[in-house]
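Two complexes, one shared chain (chain A), two partners (chain B, chain C).
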Partner chain A sequence: MWELIQSNRRKSLILFFGMGALLIFIGYVFGSFYDPEAGGAIGVLFAIILWVILSTVSYFAGSKIILAVSGAKEVTKDVHPQLYNVVEEMKIAAGVPYFPKIYIIDDPSPNAFATGVKPENSAIAVTSGLLATLNRYELQGVVAHEMSHIINRDILLMTFAGVMLGVITIMSDVFFRGMYFGGGSRYRSRSSSKSSGQGQVIIMILAMLLAVLGPILAQLFYFAISRKREYLADASAARLTRYPEGLANALEKIANSSHKLRSANKVTAPMYIVNPLKREGMKLADLTSTHPPISERIKILRSLQQGVSYKDYQKVFEMIHGKKEKIIPDSALKESIPVAPVSGLANEGIDFNPVEAKREANDAVMKLNDYKFINCKCGVKIKIPPEYNNQIVVCPRCGTKHQLS
Partner chain B sequence: MDCPVCNKPMIILELNKVEIDYCPNCSGIWLDEGELELLYSIDKSENDLRKLFEPTESEKEKSYKCPICNKRMVKTKFNNSDLIIDKCPDNHGFWFDKGELDKVLSLNANTSAQKVLSILKEMFSYNKSQEAE
Partner chain C sequence: MIYFIIFLAVIVLIILFFVSIYNALIRLRNQVKNAWAQIDVQLKRRHDLIPNLIETVKGYMTHERQIMENITKYRSQAMNAQTVGEKAQAESLLSGALGQLRVQVENYPDLKANQNFLALQEELTATENKISFARQNYNDQVLMYNNKIQMFPSNIVAGMFNFKEEEFFEIKDVAEKEVPKVSFN
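This part shows the complex of A and B:
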């Protein structure tokens, strides 16, 4: 497993440095645009400093910021016992010594992500919508997928790459605003009167081009890093749960949901198990999307009939994808012990009640928000928000007066 | 969530796995779209649910803002009766004023409306008996 992490790192590092080079280049061109003599160096310096600062911040507080931006709240076992149990199960199945913190995001749209710099202080966040729509086996699939991101050390790299994407986006944004307010025109007119005008024109065109294409290029890099990781996490999840149908069903439910995740933005979007910023009817989106097409992921998982080892996943992937592409690192493919899928879970849906699951998920969110719960003897459950400042609540069904302490 | 009429926090009542937001101050009721869907998820399609609420314009009554999205709600006819309730334009849910609830509770309805009525009738049985006295 260790080599799997290593080779993962190596490939990603190449892409990572490619993205870094893009960042420096953009800094240089933008700087030269404003001041042809010294601007290039200043621009590079500015870009690097911005990246270092943001990276340092995200290294030490990144997961906290991301969790806060997403509106996630940490939960204990009694808030949502099933979720806690599933995470515990996957921790044991994966055989890892650390227990990720569990967070719930109050949002009807089903989705999940993992974050954290080190596995020891990692976190898994799921939305209340996810808890409300998935049964136990589907939830296992999703948690196993997120657990795999943590085990494969995906989260650290994705955090740094995400910051880089953010910096490039910010820079081109600032550049466009600067252009709009005419910041660069002073230098431009001066240098164009000189003989070096031609070089300046090239820089100008390049700067404009980069301002438009830079963020898109950065996203393509980011996409290349994250795309393989999604497949790998799917493969690991199938192997951990030995029940690929669970994750396949979960992905299907998430993709078919009509709700839109409120807190997602461009930088956090690739972290989720299914891209929350999906736009329907856009073919181009497939090219730039940070996630492989969900239909393909589901198809691969459903075709894992013979076994659920990494080797099986690679074989099915190539069959469905139609071309040879290494998704799973060599070390993992050498694994010789066959892993058979679990069968006989045909009754998985029977004990699942969508109404109860929704109630449980909503109650979990309310518990997190300090609601008081009163069970009236007539059968009505009264849930009182912390802002309610009356001392007495009258049950509208039986008329019992409940004293609030 | 705050009551759209008096802006005070509402409490949540759960009975038979269905939740209703209730304002103890003005006795108004908020029926969440998601809750109605749950109520009808067993044997009714969403279409039937929508048919229960037909938009209407002939209303001078003051309209409130949706407690979820803060958009001004539209007046809606419930199940072709003379009962007018507020509906969020983005389908977040429905608002019943106190008076409207009383009308609901004394309404005889066809089968598709029965579910909404029975849960309201059951939940607010004490309030109703209080009024009768």
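This part shows the complex of A and C:
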């Protein structure tokens, strides 16, 4: 686990500085396109300011913004005890000191995501639809997947990658707008400059190329990182729970759901466990997809018969993919302890009751909307709407009077 | 002079090497201790849940006196256990008894619909999962620590500073071996 964190930290740093250099270069080229003398400096300045602002905002407020945009509400243990317990189980399995905050999104479409650039103030958000459709093992698998994103520091990496994508897109946008509105100024500045010539022609071609290809390449790069992170989180989840079937079943249920997530958009889509914007029959999706094909993720998880270590995952991935591609960083593959899947689980005897799960999920949403719950001694659960302004509630079964505080 | 410097450098390197091994051993041992603390917390939590469970269940399950007595007995045994091995033994007996209770609950539909019982059942399941995940983590840490102690060259440092191997926390499946007593009087 430690090796993975190190490798991801390194990648984040490389991405951060490499991205900086790239943006300065693009800024210079775009600026020089408009004004060969002073434009370069202005372009660089513009790029740096944009980069600093976007990085700062997304680093310090990104997770708050994303949670707010998705309509997630923070919950305590009593809102959905099972969810809280499952998160704690995964925290214990990973042996990490931090406890992520838990959020519920009131949406019938099953999905989940994790956020927070630092593990100490990370959060896991799940939809009420997820709680209603998954059994305990499956929920465990999903939470383990999200927990892995947090533990592996994926979110920091994805945040920086997202900022890079954003800055490049905005810059090429500004560039094209400039061409559309201010084409004339370009001519003027060029005729007044003495140093125009071959250099300027190269700059012009380069600028056009960067403006057209930059955003596309940045996007492909972003998607490629995102896909790899998903595989890696699946591998970590299998390793944490030692029960890959749980996550496999959960992915299957999520994929088969007909609901569409209301609050998801292009920016937040890569964060979810399953791409919420996925349309049917998208086959060219391989390059432009933020997530690996679900069927393939399920197949890999189900083929982890011998063991659930990173090494096993990499092996099965290559077998199913038919080509050599590093999904797991080398450092994590060196891990020496054998990791066998579990056979006898502690909660094997508990069967899934879809009605009960749906009720629990509904209750959670009601609690989010300030309903009060009282468990009467006789075993009846009394649900009190926030409009109720009487001080005493009588149990409909046994007649016990409950004082509302 | 140059040989002396080389000699000195080699000595310093060897010392640094040993220090790094020593630190790694200390880190691993602390991780084992921390992992054990996690198990302990969850075991205590389970012990705390049991009186509540008995209280809720006893009104409904009038015919399962034996199971409930076993649970109470194994609980106090588990609370008094000292070593890792003893604890593992007592806790697996307790798990077995709780498992039997869980099977019997199926015969009491009223109990299954009781919200207090459902809440307790979730807590118990969660605690049992937490125990098994904490155990998984603990055993991984112990394995890494023991490997380090046995392997060359860290075994030299481990021998010098008296690092001892730790015991795995293994829960045997006692429930299956123990045949439930049936009496006809």
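One rule holds in what follows: the second predicted complex is superposed on the first by the 271 of 405 C-alpha atoms of A that agree within 3 Å, B and C clash if a C-alpha of one lies under 4 Å from a C-alpha of the other, contacts with A are read in each partner's own complex, and residues count from 1 in each chain.
Keep this in mind: a residue touches a chain if its C-beta (ideal position, glycine included) is under 8 Å from a C-beta of that chain, and two chains touch if they have at least 3 such contacts.
Everything quoted here is computed from the prediction, not taken from an experiment.
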Which superposed partner A:358 touches (first chain B, second chain C, both, neither): first
Contacts of A:136 with chain B and chain C, given as first, second, both or neither: second
Touching partner for A:390 - first (chain B), second (chain C), both, neither: first
Chain B versus chain C as contact partner of A:242, first or second or both or neither: second
Which superposed partner A:35 touches (first chain B, second chain C, both, neither): neither
Contacts of A:379 with chain B and chain C, given as first, second, both or neither: both
Touching partner for A:89 - first (chain B), second (chain C), both, neither: second
Shared chain A surface residues [contacts with chain B and with chain C]: 379-381
Residue ranges of chain A touching chain C (in the complex, touch as defined): 81-82, 85-86, 88-90, 92-95, 136, 140, 242, 336-337, 344-347, 349-350, 375-377, 379-381
Sites on chain B touched by chain A in the complex: 1, 9-17, 19, 22, 24, 34, 38, 41, 122-127, 130
Contact footprint of chain A on chain C as seen in their complex: 31, 34-35, 38, 42, 95, 99, 102-103, 110, 113-117, 119, 122-123, 125-126, 128-134, 136-137, 140-141, 143-144, 147, 173
Complex contacts: residues of chain A adjacent to chain B: 108, 354-356, 358-359, 362, 366, 371, 379-385, 387-390, 393-399
